[in-house]
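Labels run A, B and C following the written order; every chain starts at residue 1.
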Amino acid sequence: MTSTAISPSPVSTNSLLWADNLHKRFILHAQGGICLPVLKGTSLKVKPGECVILQGPSGSGKSTFMRSLYANYRVDSGAIWVKHGENRIDLTQCQPHELMAIRQKTIGYVSQFLRVIPRVPALEVAAEPLMELGLEAAAARDNVRSLFRRLNLPERLWSLSPTTFSGGEKQRLNIARAFSVDFPILLLDEPTAALDAANREVVIELIEEKKARGCALIGIFHDEQVWQRVGNRVLTFGREDETALGESHE
Amino acid sequence: MTSLTQNFNFAYLDEQTKRTIRRTLLKAIAIPGHQIPFGSREMPLSYGWGTGGMQVTAAVIGQDDVFKVIDQGADDTTNAVNIRRFFEKVCGVETTESTSAATLIQTRHRIPETPLQEGQIMVYQVPIPEPLRWLEPSEVETRKMHALSEYGPMYVRLYEDITQFGQIATAYDYPVMVNQRYLMRPSPIPRFDNPKLNMSPAIQLFGAGREKRIYAVPPYTEVKSLDFEDYPFQVETWDKACEFCGSTESYLDEVVTDNDGGRLWICSDTDFCRSRGKREE
Amino acid sequence: MITDCDEARLITMQDRLVPLLTVERLSKAYGAVVACDRVSLSLYPGQVLGIIGESGSGKTTLLKAIATHLPIDSGRVCYTSTAGQALDLHELPLPRRRQLMRTEWGFVQQNPRDGLRMNVTAGANIGERLMEVGGRHYGQIRQTAGLWLDQVEISQARMDDFPHTFSGGMQQRLQLARVLVTSPRLVLMDEPTGGLDVSVQAKLLDLIRSLVRTLQLSVILVTHDIGVVRLLAHRLLVMQGGQVVEAGLTDQVLDDPQHPYTQQLVSATLVP
């Protein structure tokens, strides 16, 4: 990793992630260069075994914040310190190939969307992150199969391309894909939105297991029942020009 | 005869031209198998009839040479007779049909069956000197390929032969590696003759008049026919013997004798056939 | 969950620190027209780098300059060979360069007619690079060619057929096999799915993706199709007027485009 991205000790040793004073605005060139400031100094620290819930009305910036933590959005200023292996690295200073390594090993992301090549079967799509880590294909598939079973994804779907899946099926595939890897940090973007009550329970169980293993989770949940049960803390986002309201303990 | 030698320089070409060709030949001998461009002259017959070979012959022939010309192995075909007569006229040298008596042999399409000896010079008539031409039309590119010994694509052709015919079917002008360095076309001799190129005691010179290239194989040089490990190079064989001399080791021509499909096989090398016939009488 | 492969992962991580290819301030002009203007990039092992831009943006010139198919005006193209040497490609002696291009590099042309020998069989097309690097056993060459036909999902029964009897998609897959047979580390692709039907494209994209992963290939992929880079490329360069106007991870560039041109490009794309 580049030396500039490694800090001597920016994070208290027990934090896995520290977002420090993030600013992000969008400039829409096609609309006369309109400037939309979304993040104006948001900060967050997450410890192992903690689950932080991002709260706020739509458009308040919680999604932008989450995507910034995955380096999907590039922030204008601020730092995102992450414990990657033995190093602590600032995501905002990383080269693309470093980000790829961090996403492979350290930060997992359960997105609401699923983009796949039409012909690839669900089992392969879900096993891909494990295989990219160098795990044998058979072991990776076994791992994913057990998650599929827990998530009640019908076995007849496993060998089909997910393009034809329903929203809930796609969502469970996404969860299996991200939960199969032992990421120290997991970002969850509405992981239960399209799930029925039974499967929601399974996801809650899976989150609890991750917490028990010392994983740091950050999630957006539309379902208050879910976040009330899994969340340790809430980071609330405000409307318009208000910045984050700060942390409130459960 | 006298009038002709007075009107023409010895061996038809002017001394300056002969000198440039000799320089080219020296270079060709020094780099076995490598094609050297030369300023090909107009000869009193059209390109494609052996003008390259004739210019090489003209450059090396001397008063004391004994000259032989063969075409498809025969001394008595039109082309062979004409070229022999031409040099008789412009050089006044002795000519022969006997391989062992000749010091200089110009040939089209064959190497004599009688083994060549030290001191003899073979001159081959070459229509297309570039072995890579079939796959690469650009001269710039083929020169690069030679310079870098990039001969893999040549094997593609042999691969295709085996794939289509179950064996390497190239019967004439079978590509060879000279001195483990340059890929060379041996001129359209049958592949039966390829082994005779290898470690030959004679000097072998190749002239392409239309393409303006000269190349050479010096005496005792390794000349290897391309092949695959599991499809080694093989010469043609016949289950017939020569109708005239009974030879079973020579290259046989098939001759159709009548309109009813009657045919017979005879030696392509007329001198070889005749000398065997005489011995048997 | 994964412990037995920790060592393998460590090696992968270390590999990734050394770029396979580095392009430094490469410039190339055709007369007054600047096709590539001080372009820099680096490619790490196992990565697919997409280069996107409209016709005339200089992306194909850049690819050809990297492949040394074109001379460059200034700049450097540095490649780290299997032996670990850093080689300045445009300064490298021609024999070594051509040898690299036949072994450690591969180039996949947009039009399979430019990348295949149409007058020789599929087997010979695949076998050619083997024969170029000294393969002299007909049986073994055929066996290897057969394995590669399997890899690119062409029936071995078609080995002795000519490429002109193949469909466009098959020709393109044959071209892949022809290039990959010597196990190159770096493959350059110029619009590999251009000119194919959408359904055929999907199959080819899927194939390329799985080959990239199983063979640990590094790829530079030039295309004007955002869908193609979305599915194949880890990283993306956006070119306009010979310059790189934006670069980053593919999802960064496409989800959070910053440059006006990139925003226009992304917003003009229909999302399926």
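We take it that a residue touches a chain if its C-beta (ideal position, glycine included) is under 8 Å from a C-beta of that chain, and two chains touch if they have at least 3 such contacts.
Predicted model only: the values in this text are computed from it and were never measured.
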Top chain pair, ranked by how many C-beta pairs fall in contact: A-C
Most distant chain from chain A, judged by the mean position of its C-alpha atoms: B
Chain nearest the overall Cα centroid: C
Inter-centroid spacing, chain C versus chain A (mean Cα positions, whole Å): 31
Averaged-CA centre spacing for the pair chain B and chain A, given as whole angstrom: 77
Distance between the centres, which are taken as Cα means, of chain C and chain B, whole angstrom: 47
In the complex with chain A, residue positions of chain C that touch it: 1-2, 5, 8-9, 12-13, 16, 42, 44, 47, 202-203, 205-206, 209, 213, 230-231, 234-235, 247-249, 251-252, 255-256, 258-260, 263-264, 267
Chain C-touching residues of chain A, taken from the complex the two chains share: 26-30, 67, 71-74, 96-97, 99-101, 105, 115, 117-120, 128, 130-136, 143, 180-182
Residue ranges of chain B in contact with chain C within the complex: 135, 144, 148, 150, 152-153, 155-156, 159-160, 162-164, 228-231
Complex contacts: residues of chain C adjacent to chain B: 94-95, 98, 117, 120-121, 123-124, 127-129, 131-133, 135-139, 141, 160
